[in-house]
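The structures considered in this document are given below.
What follows is chain A paired twice: with chain B in the first complex and chain C in the second.
Moving on to the complex of A and B:
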């Protein structure tokens, strides 16, 4: 006998954006899972047309208040690619330093405020702080130091103002950056302690085999450039991104979803993917910590993403200290350029995973076409596929239990679709 | 029992999101030094980005992030208004429509089809409008993003039942105080600091670039006088229009001036 049960459970909080989860079960089989994103569209790719290229990093930052630097960095690299501009090594180092600040701020927010509460069945980071004041306060202080780095380098932490095509409006002085060193050194130790604490906790177990994709660079842990590397396929140059990956528009989501163009296969980006593909490029203290904690490679349990995030925070503090100790202000702070007709692409590593931009520009210095592919839209299909598999395993449980567990699984991907999702309703249809 | 009494006297806070980037509610989570203390002063009844504990209204203080861009969101904001004693907009989207209000000057259908392969799946209004176009707003906190210090001032004022005090003067005064060389006078770039409300700390000029108006219009500004000044010294109409059409494009005084310049541009091209 087939019975239809429709259950709606309010679920997904502590993520960025708005969404819902619809599950369809026939008998003992999960037949369909749809992660619905109903974040209202804001049409960035359309409104960028006709704007001066100099305005692009200020506008694209507004896609996401959690990772504005990722949008700014990808924009300026893609525009420089279109203009044929080569930035200097000193500018490149300063951009990496800025990205360190954003990874710290975004990762620590996710670790302490959004993700760790789940490991103790707390509703929020604030509740977690009541139980673990030392650990959460340490996290908040680390986050503040990351924000401070963004403020010195970018003017402010959310929507920094100092990034421009060709470099920076103004290079910070050595003194300005040196003042950050004592705090950064404290934070490096704190992030190591923090990783030991998190890695020692108990985690739920879930991870099906999947393809991990991240940028890969011969000399560095990836931030601003590299080949598109995969745990299953050969590496690609960034210029081949659009011919290799396709964005699909489905009815249930205002976020477009990415898949491999030829096979329609899904893939997963983010800290686990970067860690699995680039662990040899971690800075020494981070690498040593990985060995000390015996973190096995590859990480596949999705609930372990928080550990990869912790290790990346250690790396980011360590690299920030090194960059500041060796800092020589780039002079000039930006490279001059001449307008020309062109097309340019870039991919960088946002805290949540690889982000891709392409632009067509005119000889008047205006954008004529823009394509922006954020990490969450690339992960969405893989998240759905994981959920389908996960719910199948959880099926004997009550719907509330399934919902609560799905919510926790979804949070591990750090989805962001306003980069976007605050309120998720689980609709479970049992046929 | 004691805790119960405390809970009764605590103000109930709701934080709600509409079309936005999340940056303004993140500013609340970025008050690292004050966050835990603040959480002890109010009952966080609804703040989805921070907590999975969701309680129904009514709310003593509702903070609204984001602009209105769907029919459903019009219903939602009316509903929140009915349940809230004080309703405060936080940020440029909620206060003046945000960067997404650039669609108000464009062909919405064309915008939808430029981004989405299947426009029929998209349910979106042709305009992005501020919260005050739909419901009464008790206080507007400006900025893209809002300033953390100003947010704390607003919250503390509302918790203690007084009127928030935030400056309405222009960025120029902050520049002078900071000792920054005036971009408007010394460089051939249209700095709109003279039109823009203080609150950011005049960071752009301090980093060697023109203010791009992310805090929206200051009190009693003369947009036309400033843009005429810039047009006379080499800025094109299009540049000036774009300077005004950013994160606060739909703030009325910016809108009036950018529309004036656009019609002039149209007249001169015919």
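Moving on to the complex of A and C:
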């Protein structure tokens, strides 16, 4: 005899955007899980066609209000690749500093307002703030310091406008950056305390084997460049990305989903992937903290992503301090270039994972073709796979318990649906 | 952000059609600078917490759906219980599940004073990426700017 049950979560809270999750259960087996996504994300690539390359960093920054730097950084590196522009080490260091600001802001928001409430069975950041005002105030102050760093480097905190192809429109002065140091030094200690607090909590257990992918660089924790490294496959150069990974359109989603081109296998990006592949490149205080807390690699439990995020915040504050202490303003602030026909690619590490851009440009300095692959699109298929496995384990529970736990699991990936589209209403059908 | 100001006007917005109302209001207000008033654009309402306790007066401008059909603008004083309750019944566009209301409640949970916050809700109609503001939104922006300027100038006149 078949049984039909429906579970509906009308809106998933504490993620960016809206969509739906449809689960089909036959008897005691989860047969299908679909993340249904409504909005067309590819709008931006069409919008870029025919635009001057100088417009690209500012247009792509508008794709996401949470991670604009990731879009700017990836676009300028890809366009510089197409133009044959070599940036100076000083510009490169300044770009890393800008990325530190974005990681801090994005990660701290996720840790304190979106993810940590789940670890205390709080329904919202409001409840968490009432129960743990000291910790939440500490988080908000750290986020503010990240904002300030973005403001100084990017010209403003939202949709920074100082980034350009070849470098920066204006390099900040040493004095402007030095003013940030006292706050950054406080924040480094605060982030260490936060990590100790979070890592000491009880976590749900869930993890299945999967392929983690992140950039990997021989000398540094990855932000702007590196090989595409994997926990299961040989590393790739970024130029080979499009020949190894493909985006698929599925009926239930207007956002494309990425898989390996040859095997259709899924993969997971983000802080856990970066941490698993790059732990040795963490700055000293972050590395020491990892050792002190006994954090083992590989991190597989998806609920431990928050720990990786916390460690990355420590790293970002530490690197920001180091970069400012050794700062020499790049002169010139940007490298001149000449237009030419070309094709360029780049991958950088957005807070949520590796983001890939490719551009074809003309001798008039216009974009003729663009391809943007955000991390959430790449993670979607793996998230569906994880949910299917996780729901199977949860099946004996009541529907509302399953729905609540699915929401918690989804939040651990920090999906940024505005990058790919909007999110989540859950319908569960038991046949 | 507003180190030398006593009043903050924060416009919350994005590039998604009428969700840009808050930014459009700030763009127009910046053209009319006033002593002690800081005009700021924000995308995440949570950014209000960076500044809320640094100023003595906060005006928050955001797009809203579900306003009375005859109204293009609604001004709510957060310190008045009836108006605060009304705020909870109006749908605003927020990211990561955090609307203006939720952010103000977080502030209160943290013991931060919110009685100096006034919320200006402007009617929006369409929220598609990169769309221009709709005619409905333009009208509500224009009215909001006019009312806000009147109120800010009046406050400054009284203060003098």
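Note that in this section the second predicted complex is superposed on the first by the 422 of 431 C-alpha atoms of A that agree within 3 Å, B and C clash if a C-alpha of one lies under 4 Å from a C-alpha of the other, contacts with A are read in each partner's own complex, and residues count from 1 in each chain.
Everything below uses one rule, namely that a residue touches a chain if its C-beta (ideal position, glycine included) is under 8 Å from a C-beta of that chain, and two chains touch if they have at least 3 such contacts.
Predicted, not measured: the structure shown is a model, and the values here were computed from it.
Legend: residue contacts after superposition of the two complexes on their common chain; A:375 is shown touching neither chain B nor chain C. Contacts of A:140 after superposition on the shared chain: both chain B and chain C are touched. Judged by the touch definition given at the top, the superposed model places A:351 against neither chain B nor chain C. After overlaying the two complexes on the shared chain, residue contacts for A:330 are found with neither chain B nor chain C. Once the two complexes are overlaid on the shared chain, A:123 sits against chain B while remaining clear of chain C. In the superposition on chain A, contact is made by A:47 with both chain B and chain C. Of the two partners chain B and chain C, more chain A residues are in touch with B. Residue contacts after overlaying the shared chain place A:161 against chain B, while chain C stays out of touching range. After overlaying the two complexes on the shared chain, residue contacts for A:109 are found with chain B and with chain C alike. In the superposition on chain A, A:62 contacts both chain B and chain C. Touching of chain A by both chain B and chain C, each in its own complex, is seen for residues 13-17, 43-44, 47, 62, 65-66, 109, 113, 124-127, 129, 136-137, 140, 143-144, 147, 156-159, 418. Across the complex, chain A meets chain C through its residues 13-17, 43-44, 47, 62, 65-66, 109, 113-114, 124-127, 129-130, 133, 136-137, 140, 143-144, 147, 151, 156-159, 418.
Chain B contributes residues 17-24, 26-27, 29-30, 32-33, 35-36, 39, 44, 48-54, 69-70, 73, 98-100, 102-103, 106, 110-112, 114-118, 121-122, 124, 128, 144-145, 200-201, 203-204, 206-209, 212, 214, 239, 242, 246-247 to its touches with chain A in the complex.
Residue ranges of chain A in contact with chain B, taken from their complex: 10, 13-18, 39-47, 49, 51-52, 55, 58-59, 62-66, 68, 109, 113, 117, 123-127, 129, 136-137, 140-141, 143-144, 147, 155-159, 161-162, 164, 169-170, 248-251, 254, 256, 407, 416, 418-419, 422-423.
By the touch criterion given at the top, residues 1, 14-15, 41-44, 46-47, 49-50, 95-98, 102, 105-106, 109-111, 129-130 of chain C touch chain A in their complex.
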